[in-house]
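Structures are listed in the sections that come next.
Each of the next two complexes has chain A plus one more chain, namely chain B in the first and chain C in the second.
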Partner chain A sequence: MDVRETARLISRVESGDEAVRDRVKALYRQGGRARIVGISGPPGAGKSTLVDQLIERYRARGLRVAIVAIDPSSPFSGGAVLGDRVRMARHATDRGVFIRSLAARGALGGLTAATGDVLAILDAAGWDIILLETVGVGQNEVEVMRIVPAVLLVQNPGDGDAVQSVKAGTLEIAHIFAVNKADMAGADKVARNLQEMIAHKARQTSEGWEEPVLLTEASNGRGMDELVAAIDARFAFLDANPDLARREEKTRLQARIKELVTQHIHRRIATSVKNGGMADLLDAVADRVQDPHSVAETLFRDITA
Partner chain B sequence: MQNSTTRCILGMVGTDVHSKGLKIIAQVLRDEGFEVIYAGDHHTVDSIVSAAIQEDADLIGLSFSSTAYVDYTLEIVKALHERNADDIAVMIGGQIHPDDHKILYDGGVGGVFGPGFKMPDLFAFVRECGARRRAVNA
Partner chain C sequence: MDVRETARLISRVESGDEAVRDRVKALYRQGGRARIVGISGPPGAGKSTLVDQLIERYRARGLRVAIVAIDPSSPFSGGAVLGDRVRMARHATDRGVFIRSLAARGALGGLTAATGDVLAILDAAGWDIILLETVGVGQNEVEVMRIVPAVLLVQNPGDGDAVQSVKAGTLEIAHIFAVNKADMAGADKVARNLQEMIAHKARQTSEGWEEPVLLTEASNGRGMDELVAAIDARFAFLDANPDLARREEKTRLQARIKELVTQHIHRRIATSVKNGGMADLLDAVADRVQDPHSVAETLFRDITA
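This part shows the complex of A and B:
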């Protein structure tokens, strides 16, 4: 699959085009080789700059790297400015690098399903490393990290962010932590705070995997070799513990499949509503002859019949 | 769920650094509901075309404050053709002289938005590029 075909297939999957579903099913079955790494964190933490550095190092090893960078869509207009690839611009003519920007498109939770398909496409297309970058601002952008076996959380050195990561639930999802812009004041403190929070977590993200907290300066490359080593170590850990790796894989797949089922239901409901299926039922509920639960049960039976 | 949005990649080629106009257009297009891939400045013909193909953009938007826009733009149209990506439209904006409109349009440029252009015209053009590509791919 060449770049153009890959890119067009991604677009069709993104727009929910059902005509390509059989193709995606086949591609999923052909995949499984690529190493997928998720990178998330608050805006301005330097994720894209860090990704740019990772690309350089992986390319030096002769690996082909694909990047999927997800940014939120405007809740008002539905549009988006996708500005991550700008920070990786120096790789733009390297045929061993593929960068794709995606807007979250107010996903209704469908972001995970669409992203899963995009990863399957890139995996089958032969990319060795796939980096999935999201901004950890919304629930969806954090949730999508659940489908990835190695998650890196990038933090700012400013104080407040350590608390932020607890609120957002990213602490439970990440395998590796990097405090970026480490030359700035407060970086060591944030690193220590993170280490404490990790030590007090109810459960480890991945049982038996020690979550490292690294200090990095993506803008000049400091700490990047250690970061690459930590990512290598994460995959080595999974390779060395195949039972655990398989259990985790199944948990990830469960999340994806649940979302796909939900999407099917959403689609059926949307069609049903469009065909006027609910109109009479709504009158009955407004008149208190029927109640919302009973109508929902009837509707569910109808759409899954 | 059919959920298509028109994707436009915006960038500047060469050593031109006056990107303020580009950034404003990026926001304006976003607020109109389009997805803008902001590719920034210092692109070569190869890098902007490669980006457009990877992003499966419906169109490329280029901004110029230098005078080399005819050569650059026509090279980009040619490169898209050579890489089998003719369906990606090209539009340019910035300091475009009316005398150059003919050579640009004849050369395959789809939209020229020089000084004094009207936003509704820009929106209509972008929308049309998206609609046209969706119709072709359907």
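This part shows the complex of A and C:
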């Protein structure tokens, strides 16, 4: 599949074109070779500079690299997103690099479902490394990371108390931590906080993988070789533990399938609303003659009847 | 309904006890009188101090006030939550005040659904004002605010560039903005940024309500009378625009019903997984003999057959 075809398929997924689904199904069955790395962290943490450095290193190895950047749903951060993309522009003429933003317009399930399809397309298209970068800060972006086998969380010394700044759920899904802009004051403290939280988590859910915490300065390349080595180590760990890797893969697939089913249901509800099927019920609930639970039960019965 | 009974019903909702649902249904139909105010904002913004001040003012008017604090799902912020609660402790012996934390353990739909039930219980129990405070920072907490008619967003001068710090989706759901700790440098700048974003939003979705941006210092009471007046004005606006108020109420109910139906579906899927019904399918997808979309279609057909 050439780049033009890849880009066209991704656009169709992004726009919610359901007719592309059969193609994606076939492509999924051809995939499974790409190494997919998720990169998350608060705005301004230096994720894009870091991605730029990763691209350079993977390209030096002769690997073909695709980057998918999930843009936040809010229209108010458009500027930052554009700025981030510009930083990677030096790779734009490299045919071994594919850069693509993905708008997070849709619903929760919608974004994760669409991202899964985009990853399947890039995987089947033969890209060796896929870097999935989230630009936003919402729970949506955390959820997306759940479908990725290697997740890098980027923090900053400036994030202050790491205990507060690590978003709920983010710690649980990350496999590698980078404290970027490590030349700033407080980097060691953030790294220590992260290590404490990881130790706390490990006591609850250890599966054998020990999450490394790295100090990086993406802007001058410091710590980037170590970061690439840590990502390699994550995949080597999964290769060396095939049972665990498969169990994790199946957990990811199950979450993904659950969201796809939810999407089907939501489409069914939306159709019902559009056809006026819910108008009387909503009026009854607003009048407190009916209640939300009873209406939900009725709808569920109708859908599953 | 006395306080003990109220607390017991809330505990049953929180623990996911489905047998309480019939009681909640009946209570919902008796409600509709309480004024429900949502209070959201980043950790450390001073939300609890502000809530403490609101309680004092509503109590001075002779109103009975219930506070529901949504705790974040991550176990790593437990300390902050406890600290917040302590600040309100001076009201603990006031029988006109009811304070309750709600753990956000469940899934996305689960939290919002449970919160909706808790609000229905407190409303039917005759509490005049219900303050729904979110302690966490995730998308879950934003979603919860969608079921509330008056949402206050608390920001700080220290939040830096408000354009970045206002979480995606938060701006859209807020009706009143408070820049708290307004004695700190940069408060005016944050207020100006918020006003610009509101003006931008108003051009797209104006429904007649003009979101005020207030400077407050909850710790010494500055701006708190104005804040109470702004909340009064929000409800007066809804009373004066019954068609709009009903449309908004129906939008909220529709979102709530959709989540309740989704919960039914997820329970159905969970049962299927538990009974081993998905094991073979998951293996086939992991082997790339099957794909997630085809399995989701099969499950959807099974559920709706």
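Annotations
In the analysis below, the second predicted complex is superposed on the first by the 266 of 305 C-alpha atoms of A that agree within 3 Å, B and C clash if a C-alpha of one lies under 4 Å from a C-alpha of the other, contacts with A are read in each partner's own complex, and residues count from 1 in each chain.
Simple rule for what comes next: a contact is a pair of C-beta atoms (placed from the backbone, for glycine too) under 8 Å apart; a residue touches a chain by one contact, two chains touch by 3 or more.
All values derive from a computational prediction rather than experimental measurement.
Once the two complexes are overlaid on the shared chain, A:N220 sits clear of chain B and of chain C alike.
In the superposed pair of complexes, A:R21 makes contact with chain C only, with no contact to chain B.
In the superposition on chain A, contact is made by A:T304 with chain C only, not with chain B. Within the superposed three-chain model, A:H266 lies in touch with chain B and with chain C [touch as defined at top].
In the superposed pair of complexes, A:V3 makes contact with chain B only, with no contact to chain C. For chain A, the partner touching the most residues, choosing from chain B and chain C, is C. In the superposition on chain A, A:I99 makes contact with chain B only, not with chain C.
In the superposition on chain A, the residues of chain A contacting both chain B and chain C are 73-74, 76-77, 79-80, 263, 266. Every residue of chain C that touches chain A in the complex is listed here, in rising order: 21, 24-26, 28-32, 43-44, 72-74, 76-77, 79-80, 108, 116, 120, 136-140, 142, 163-164, 166-169, 171-172, 197, 200, 246, 249-250, 253-254, 256-258, 260-266, 268-269, 273, 278, 281-283, 285-286, 288-297, 299-300, 303-304. Only residues 1-5, 7, 26-27, 29-40, 42-44, 46-48, 50-51, 53-56, 83-85, 137 of chain B touch chain A when the two sit together in their complex. If you check the complex, the residues on chain A that touch chain B are 3-4, 7-8, 10-12, 14-17, 73-74, 76-83, 85-86, 89, 92-93, 98-101, 103, 105, 110, 263, 266-267, 270.
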